[in-house]
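Structures for review follow.
In what follows, subunit A forms one complex with subunit B and a second complex with subunit C.
Coming up: the complex of A and B.
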């Protein structure tokens, strides 16, 4: 078991180039022992690169990898206590399922008896029990992926399991089941789990901590609630949550926020830096409500579109060219055309240049990446 | 429609089969002829058209110092071809794995250039190499010896083995090696325990090429030997005298081709069993 720390890690695949493109820009990140993490971000943002650095398949161009404070940067992959599952199953084609599962233990020279016991245990867990004697290459893709996972789980020395979009080849019903199993394994063995995905729902349901990346940088790391309620950048607000966070352009005039559909008060506790004039008002669709009041705290607009999503309906309201989306329960009555919207102050996030302006009560803000117990510095 | 397709298919196969097989059949009948049978116009069917004799096949038996036989050269050829192929395969496979998995820099040369450099050795016409090889072997005192020929053949076969294997390894996803390392193998362990067993089809193909090229080479076997050592292709040609012994030539040709046919048969079996494709997934 170990806490894994990435300290000032940066990586480029073209070290000889005069102007190397960094797949990972300098970052600090701590993976706490026993945590479940989801690494979320668009294609090509450096997720796989980061995992490969942790497992030692890639040596970072700069920075250090620390396991429990000990520098492991130069330790070869085979000596690290890391298991990894790739996006597509990797099986040893000439071996049976059993031999596949046993392989990591054979490499570690574990006695035969102990080996079989562990293999049986893992096969039981992953529903591979009755397939043990079959040639691995004859199995269906999802079973093959279970083998890949199983080879990580049989080992008794693993402190972290890294999964790189492991469920791509698996059909949706099973996905849910497997994620649940992974959670159980995490609780039972205290294994740190890092799960790469670009599906936010997968991330939300699986992880205690979500790390959002974009273009080689960690944008925000926090609990699903933190990311949902207080996205530190408009990017996170946009990336997390469905539908995405509403972002309304506004100008800061005479202590109020002037938007296209009316003016809003500045939420309590937010201090706006002196030189800032244009701001974005962010609010989650589920917090926007219809109102009858015509107080200055409301915006007026027209209903533009209603989408039925079964358990909810998404209403798009147009206010002078800007669209605001609302997520309502399916039995809400939707007024004809002209509507007034209330944007509850406590749910508003204000962004200047795409970055969240803190409230006094926010204890987490702008320490990207935020990790409890880390000595993370803001990125340069 | 379907029958027409089938008929055409079998017709095509038949044409091709006769195209490939007829020369062999011709050699086969010729090998049982004597001088009379050969000179009197084309004949094909033994007993009916000519009187079969075993004269031609005598080259296959040692005649105890007297006469010419191809037994000795046959053995020499086998030793040279097999040793050179084995060593080329061993070295070539290692080189290919390195070229496939690691990045090398030699000045401005990168992996692909190095791979091309290997195969470019075979672009040169052999005659260009004959004199350097001759001088080098002379320097080493290995002219007209089996070890000398093995060395030269390694130089000729290694590029082929490397080239075939680089291509093969490039088609095995890196993830397989990476997985093996995560599972606890060091890089060499990953190669030996996981990649190598999966590469047998590639090795079989490369080996087949090596054996074919090595076994059939005439030029270097001819230029680098004199009297002590003789390889099969040279020995077969040496059967020629004032009267061309078509019968012995045919018999020798058939026994020369036989091992290649047998090997090709097995390698083909091996490849078509689907092991070539898909090391993973």
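Coming up: the complex of A and C.
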């Protein structure tokens, strides 16, 4: 069991270059013991680099990796108590399922009896029990991925399991099942789990804490609810949730927010810095409602498009060139053309220069979300 | 019924070449093998299967064939092991990587016959530098080319020297195309260098190994010019291979009819045995 701390880690793949491009810009992170974390971000944002630094496959250009406060930066991969599962299943093709699962234990010279006991236990957990004697290469991709996972779980020294988009090759129906199994394993063994993905649903259903990354930086770390309701930057608002958060340009004039098609009150508890005039009003599509009221707090516009999604319908309303999307239940009647929208104040997030302006009650709120050299930010 | 139209005429150049260089010679050889065509009585008479009966009793042919198998399989295996070793050596980052890689390829780019002449000079028992070196090292001079066993070894030595680079080139290309993940997984599983090689590298290289071994075996079964220059099949018939024996019968003794039957028998045996070897290797090593 271990708390993993990344202290002032930065990495570049071109250390000899005069102006190296950093795959990972300097950051501090703490992975708490037993937590489930999802690293979420677009391709090439540094997720895999971070995983490989933790497991020791890459030595960071700068900074230290600490396990329970002990510096592991220079320790080789095999000496770290880390297991890692890759995007594509890795199996030893000439071995049976049993020999595959046993392999890490054989490498660690565990006695035969203990080995087979642990292999049986893990095979039971991963539904590989009746396939133990079969050649591993003959199995379906999802079973192969279970073997990759099993080789991590079978070791008794593992305290963290790193997974790099492990469900890419798995059928959609099975993904749900396997994520549930992973949760079960997390509870059973108390492993710290870090899960890399670019699929937000996967991240939301799997992790207690989601770390959103972009361009080598951590943008926000928080629970799925926090990320959904209070995205700290417009990037997170856009990246998390489907459809993405509505962002409406507005001007701060005489204590109100002038937007296309109306003017909104400033949400309670938000203080707007004196020099700021242009702001963005962010609201999740599911909170936007049609209304009959014609008060200044409502915005008028025209229905532009309706998309049926089966369990919901997404309506796009155009307001003086701005498009606002609404997520409504499928049985909502949609007015013909001219509509008025209400944006409930309690669900509005206000952004200046793409960064959330905090309400008084927001307890987790980074004023500058990724300040280099700041103290490690504990998560979860 | 094949309907002829203009597009079939485009096949003609290819077909003519095929008939001219493969099908006609093959059929003609088949016909010649049933004749007694020799230097005394040239011509296509018909003697039935007499040549084939003679061939089955001709121990020199069968000995040459088994000697060929030994030398081909032996030299190819040694080439594979050394080639794989060299490829592993320059696979990962080492200093002067490019230079070393090119250096290893030099023997392959030389002309086999010329190199055999040079090797004959090197291995010359009284004038060549090989024995000088052996003596400097404190051993008795070796009969490189004048005793049967040593002559076979010398032929294998030259073959290995000449063709290991080819093996090296194929295997290095294979190594460079391997994915990274299995190595990362092996590192995480705690496998050392030896276990990583036997559990990861070797299985991943199986398909390429099979290809490389087969290409070299087919090449090696034609083994002739090295023997011709280095030992002329000697001492006695100690290094005589099938193609060299067929060459002696056909183009030295001018027993054209008999040589034709030898060639065809050799061809059939080679096709059958190489097919079996290919099947076994593919089944054993590249089962996926």
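Please note the rule applied: the second predicted complex is superposed on the first by the 367 of 380 C-alpha atoms of A that agree within 3 Å, B and C clash if a C-alpha of one lies under 4 Å from a C-alpha of the other, contacts with A are read in each partner's own complex, and residues count from 1 in each chain.
The criterion applied here is as follows: contacts are C-beta pairs under 8 Å (C-beta built on N, C-alpha and C of every residue); 3 or more make two chains touch, one makes a residue touch a chain.
Just so it is clear, the structure is predicted and the values come from calculations on it, not from any experiment.
> Clash or fit: subunit B against subunit C, after overlaying the two structures on subunit A?
On the superposed model, which is not a single observed complex, subunit B and subunit C clash.
> Can A:48 be said to touch subunit B (first), subunit C (second), both, or neither?
neither
> Answer with first, second, both or neither: which of subunit B and subunit C does A:209 touch in the superposed model?
neither
> Considering only touches as defined above, state whether A:159 meets subunit B (first), subunit C (second), both or neither.
neither
> Return first, second, both or neither, reflecting whether A:93 touches subunit B, subunit C, both chains, or no partner chain.
Both partners, subunit B and subunit C.
> Tell me the contact category for A:61 with respect to subunit B and subunit C: first, second, both or neither.
Neither partner.
> For A:107, is the partner it touches subunit B (first), subunit C (second), both, or none of the two (neither)?
A:107 contacts both subunit B and subunit C.
> Pick out the stretch of subunit B that clashes with subunit C after the overlay, from 1-9, 73-81 or 127-135.
So the stretch of subunit B colliding with subunit C after superposition is 73-81.
> Enumerate the residues of subunit A that count as touching subunit B in its complex and touching subunit C in the other.
52, 55, 57, 76-78, 82-84, 86, 88, 90, 92-94, 103-104, 107-108, 137, 148, 151-152
> In the complex formed with subunit A, which residues of subunit B make contact?
173, 175-176, 178-187, 189, 193-194, 197-198, 278-281
> In their complex, what parts of subunit A are in touch with subunit B?
Contact set of subunit A toward subunit B: 52, 55, 57, 76-78, 82-84, 86, 88-94, 103-104, 107-108, 137, 141, 144, 148, 151-152, 155.
> Once bound in the complex, which stretches of subunit A touch subunit C?
Listed in rising order, the residues of subunit A that touch subunit C are 52, 55, 57, 76-78, 82-84, 86-88, 90, 92-95, 103-104, 107-108, 137, 148, 151-152.
> Taking the touch rule as given, give the residues of subunit C at its contact with subunit A in the complex, in rising order.
181-182, 184-185, 187-192, 195, 199-200, 203-204, 287-288
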